[in-house]
Amino acid sequence: MSEAILNICSVSKRFGDNLANDDISLSLGKGEIVALLGENGAGKTTLMSILFGHYVPDSGKVLVEGRELPPGKPRAAIRAGIGMVHQHFSLAPNLTVLENVMAGTERLWHLRSGTSAARRKLHRICQRFGLTVEPDARVGDLSVGEQQRVEILKALYNDAHILVLDEPTAVLTNLEAERLFSTLKDMAREGLSLIFISHKLDEVMAAANRIVVLRGGRKVAERLAKETNKAELAELMVGRRVARPVREPSTPGEVVLKVADVSVSIDGVERLKSIDFSLRAGEVLGIIGVSGNGQTTLAHLLSGTLRRDKGDLLLFGEPIGDLTVDDAVRAGIGRIPEDRNKEGAIGEMAIWENAVLERLPRFSRYGLVDRPSGQAFAGQIIDAFDVRGGRPTTRTRLLSGGNMQKLILGRNLMDRPRILLAAQPARGLDEGAVAAVHERLLEARRAGTAVLLISEDLEEVMALADRIQAIVNGRLSPPIAADSASATKLGLMMAGEWNEEHEVPHAF
Amino acid sequence: MRFERREHRSFALVIATPVLAILCALALAGLLIAIAGAPVMEAYWRILVGAFGSRLSATETLTRASPLILTGLAAAVAFRAKLWNIGAEGQFYLGAIAVAAASSHLFGGLPPPLQVPLLLVAGAAAGIVLLLVPLWLRLRFSVDEVVTTLLLNFVAVLFVSMLIDGPLKDPMGFGWPQSQPVADAAVLPKLFARSRLHVGLMIALVFAVAVHLVQSRTVFGMQSRAAGLNPAGAVFAGVPLGRTLVTVACISGGLAGLAGAIEVMGVQGYVTTDLSPGYGYSGIVVAMLANLHPLGVVLAALFTAVMFVGADGMSRSMGIPSYIADVTVALSLISMLTGVFFTQYRIRR
Amino acid sequence: MNAVTDIFASAGLWAAVLRIATPLILGTLGALLCERSGVLNLGIEGIMTFGAMIGWLAVYNGADLWTGILVAGLSGGIFGLLHAGLTVTLGLSQHVSGLGVTLFASSFSYYVFRLLVPVAGTPPTIEPFQPIDVPALSSLPFLGPALFTQTPPTYVAILLALVLGYVLFRTPLGLAIRMTGENPHAAEAQGINPMAIRFGSVIVGSALMGIGGAFLTLSAFNSFFPTMVQGRGWICIALVVFASWRPGRALVGALLFALFDGFQLRLQTRLSGVVPYQIFLMIPYLLSIAALALMARRARVPQALMQPYRRGER
Amino acid sequence: VRASAPIKVAGVHASPVENAWNSVLHKALQDAAAEGVIEYVFSEGISGTDYPRAMREYAEQGAKLIIGEAYAVEKQAREVAADYPETAFVLGSSGKESGDNFGVFGTWNHDGAYLAGMLAGKMTKSNVVGSVGAMPIPEVNMLINAFAAGVKAVNPDAKHLVTFIGTFFDPPKAREAGLAQIDAGADILFGERIGTADAAKERGLKSVGSLIDYTPRYPDTVFANALWGFRPILNAAIADVSAGKPVGKDYTAFGLLKEGGSDVAYVKGVAPADAEAAMEAKRAEIKSGAFEVPRITDEPK
């Protein structure tokens, strides 16, 4: 490792009362891969946004090859060779790949865009790093993985030699993530320097040379990858020893939910094809699958927001036709949506309103909302589930992701649901929060709740589920017992390799 | 420089900002008055006198505020649910013409206690129908309603113009394009003799309180707010999105149509194409001034009416061009909007 | 039916179409530029009014016609600055600010006009733009009188439509504008300053609106009347939608609308009172709504239209 | 008019005072004020909603006579008058007077239009003349019908085209309407709306103006005008007010040619001499009451 190419020196940044970055220093060598690790809200994105000029730091500076970057100027950062792949994609969906890549790269007042030269350059970069995309495709038509590639291409096209990736794998499938990391390693060998942010310790251990841990806005540790291990990193992040809980043996009860031969189409595309499964009281059934294969549809169907085309849903042995949200709530089905910001909570509403919104019949009389009892309910959730950062009347937007997830769990688990539907319950959460969520799910299982766990995280499913089924291209595999599962076996299942029939897996 | 959202607003700020905004608008208007060569201080005094100085001016201010409260509520209700109804002007006109048509062709013979409510309902219904079209386009084709509701305003006024030039033309109107008048039994009672102030003001106030209660206390109010803030979240929580939006549209369009109805039944007696001096459009600004709060709408409508009637009267007593009234209203609306912004955000370096 | 073919065969109709279309072309291009950058500008009706007034006033006070156009453009730009300040800097809701600008700009122009031109009788006149013949082309049979004897601003307007099309789709600046209208966060991540782009687009777009208004008093007519813009600004807003945010189609849309109008005026002289004139006036609005319904699915609306952009806010 | 302290007169104009009709009132009032006969204040661009308030405010401010137009507010205007019996109201109206203090007047300059039509009928070479109007309302209809009747009286074969532009305030549109009529063959235009003469001017043709004298504005184009004068009506109203007589009557007649209210103003020598002579003869007949121009308020075809 040679000279440091990038130095972040004593950067601090305050948002209101919140010290998001507190005197953080960081350096990056040529060809090095540094992983930035930390809990939700630790300040990782903030630090990278300062580096890229989105935010102006309150104090401190950024040096690239010894020269100081002017603060708050993304242009200057780009010129200095910094490329950033944002946590939330920043692409214009109606423009083509080439347009997205080219925008802002030429002098604005040029009389003509150098489209053909740009096309050639993009092609060269694609070749060199093995990132193929169609330059004239409309970005909105691309898959998430392809969009991720466009984000990286944007940075490379600007001749970035320092590449920053903020949670690049959060939305990628395992396969895509693996491919991404092998590309990143190639890049490092070619002399690019990289910083990436991730909550997934496996990735971090596999890809990074060096790991920097932030906690509460401060840098708390810096380790070489070869000198540390996952357990230590988890502890450094959270500040205490965390262990994910594991399920203890139990005997499941009667079947509470049976899905028989159900198909669902959306916009004319059949998303679920004749699926069958049953769920028993006191068990966790894990459904795994690469995203895009129908688990979102399945979650929506059972949440009561989709209609089925054929087949039967049997709740406690009774066929119920189509399930509506009201039915679901009344029947004691708790629902944890996969996207907590979009579906799980309404940020601008108060915590108590989010707590009661889906169960308004219980908290209203003659069409009038019973505010006191709603607020009392929210107070109970806050106490029982350790929701930090707000009172019942606080705007929900102000909660961090982890605390918002606790609120959602709480409103569903407060009433001891008979069935709990949990879609990606720990996605994007840090180690501490993941452990807390898992603990709650297992607690519900102990209390006799039937838990349907839909997840892309194999480790999570293996730790929590009693039985596992895979969903591939809208079809559901037969269940296997979790004890007989291994990562390889599950990987095969997710690729559609199960015994009865041979399906072509969803192309990605 | 950037703006940061205030999580807490001090009471002093909430009071001080609008005061500052009004002062700012008055200062600018004063500049224009001075350019016209009139004494500025006296002009300010005349604005006050023009708005409250006599029984006439006070009742006129309230008369003008009445339809503004209703159109302001129409916008506030819709905007809360993120239904961008820019079409209150058109709904106002359809409400008005529906009243005129219904009174002269359907209910004309009925006694007041029957006819008045029926006509109010007819006016509201017409407003609703006009708003349901863009809502349908939005729900069915995801067409943005800002542009469609805006465009339908012009269609509605042309449609009214066609009716009062044709089937609804008043045969006693000496050929002028105006509708048949509402029946005598349909005229809203006056609140004071020798004034134009009519019970429409009471109707508007009742609706402001009703809308406030509905929004803050009822299940529907909470659901419509959720639908506006985050449709996906609302659907997940079991809010029937389409039904909620349709209900919101019915309230919003109905209020705008009602505004047209009371204006015809309380003030004008028949419909012409200049029945509204932009009540629908001003209603939107009124709603924004009120931060979409129904009770705030009452204050904002009063403020707008005071500014207009006061400045209009001032122009007459000072002999300066009467356009100063609209200029003053526009200036005060713009500076109030800016002021409201600064109660929500602070400047940070 | 004979009447109809007669009308379409007359060069006068086509010449009228270009004339009627000119202010609409300019206004539509202005609104289109604003919307491409993500800002709806409902101030157009007022800005056109003010442009019509101030352009005329400048010429009345001795400026030459092109200076009048320039002054109208500048004044439009200033109102654009106001609108951009309210919607881009402060992030206030765009339709509300736009309605505010219209209310202010139109009443302010009447006020200024009345102060500076105290009336007795009809307002004074200026010597407006005269039609110029395009050399060679204007002597073509039919086509010459139909298309090539217009006043200079008409040619300029058509040229501007082509230029704006080129700028938006062939230059780096245009790409930056489109990206800002689609996703300002993406633009910023590429080193583009979305605030600056929006400011620039709104100012230039509003300047075009001002010039469109000035055409009414400096070419289509020779004096200013309060309320003479008569809803042309709103038609432009409709035309932008009809044109699905493309300058070339905006040109076609404006010409089509002008064709309706010119045709309607000619048809009336032959069959007056058969169809209520209001029907003709409704057509452009209804067509725009229909066009919206047809293409909304294809989602070519600038995705960030009407969404305020605030740096550092998620 | 007696020379006494000027009485206070207020003008309430629904349109901006550029509008030809309002400008006739406005000018007459300004002139009277300049002569010291009255003290004149006015408001313009007053919408229907605000109109009654403007009337009331002027009444409360002590205006003795209020001049304006009741067309869009016939009912309310009478209510206001009833509420202010001390104030005299004389308003342009298609309706009847009411009470002691609410007088009305119509705009009857059709005599002049008829006479201008007689000139135009003899001048047209294409045998087609055209009229551009705002909307088919009675007073506009009456005017255009009278012009057409004048044309037909001297040239029964002439064709008469009519266009309504659907608005009172769009000069560019009136010009387009005029051009459309020229394209349809008209070579003399009767412009009820300003803008029409611009079309004639552009094509080097002749045009007839209405209400006010457009000849100074279009010297080579407008050769005749169907003038309407408000001064006789105003004088009559002022006289009544000063004398303390009720104004609740119809003042229209003061605006007729017979009473010197309206007239034709034409540029001598543009029309053929015999046409001018015939027209002058008819004018004398109208003055003497021997001939009355038909008043037809149906929409012209």
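Every chain is named by a letter (A, B, C and D) in the order it is written, and numbering of its residues begins at 1.
Operating definition for what follows: a contact is a pair of C-beta atoms (placed from the backbone, for glycine too) under 8 Å apart; a residue touches a chain by one contact, two chains touch by 3 or more.
This is a predicted model, so every value here is computed, not measured.
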Greatest separation from chain B - chain, by CA centre: A
Result of counting contacting C-beta pairs for C-D and B-D, higher pair: C-D
Centroid spacing, where centroids are CA-atom means, of chain C and chain D in whole angstrom: 35
Centre-of-Cα separation between chain C and chain B, whole angstrom: 28
Chain centre separation (chain A, chain B; CA means) in Å: 45
Overlap residues in chain B, where contacts from two or more other chains coincide: 165, 321, 323
Chain C residues counted as touching two or more neighbouring chains: 110, 114, 226, 278, 281, 299, 311-312
Complete list of chain pairs which touch one another: A-B, A-C, B-C, B-D, C-D
Partner chain A, residues of chain C touching it in the complex: 170-176, 178-179, 182-183, 185-193, 299-300, 302-303, 311-312, 314
Contacting residues of chain B [partner chain D, same complex]: 50, 54, 56-57, 60, 64, 165, 173-178, 181, 194, 196, 263, 267-270, 272, 274-277, 309, 312-313, 315-317, 319, 321-323
Chain D - residues contacting chain C, complex: 16-20, 23, 26-27, 30, 44-45, 130, 136, 161-167, 169-173, 175-177, 179-184, 186, 194-195, 198, 212, 214, 217, 299-301
Sites on chain B touched by chain C in the complex: 2-3, 5, 32, 35-36, 84, 86, 137, 141-144, 146-148, 150-152, 154-155, 158-159, 161-162, 165-166, 278, 281, 284-285, 288, 321, 323-327, 329-331, 333-334, 337-338, 341, 345
Chain C contact footprint on chain A (complex, rising order): 49, 52, 54-55, 74-75, 77-79, 84, 86, 88, 90-95, 99-100, 102-113, 140, 154
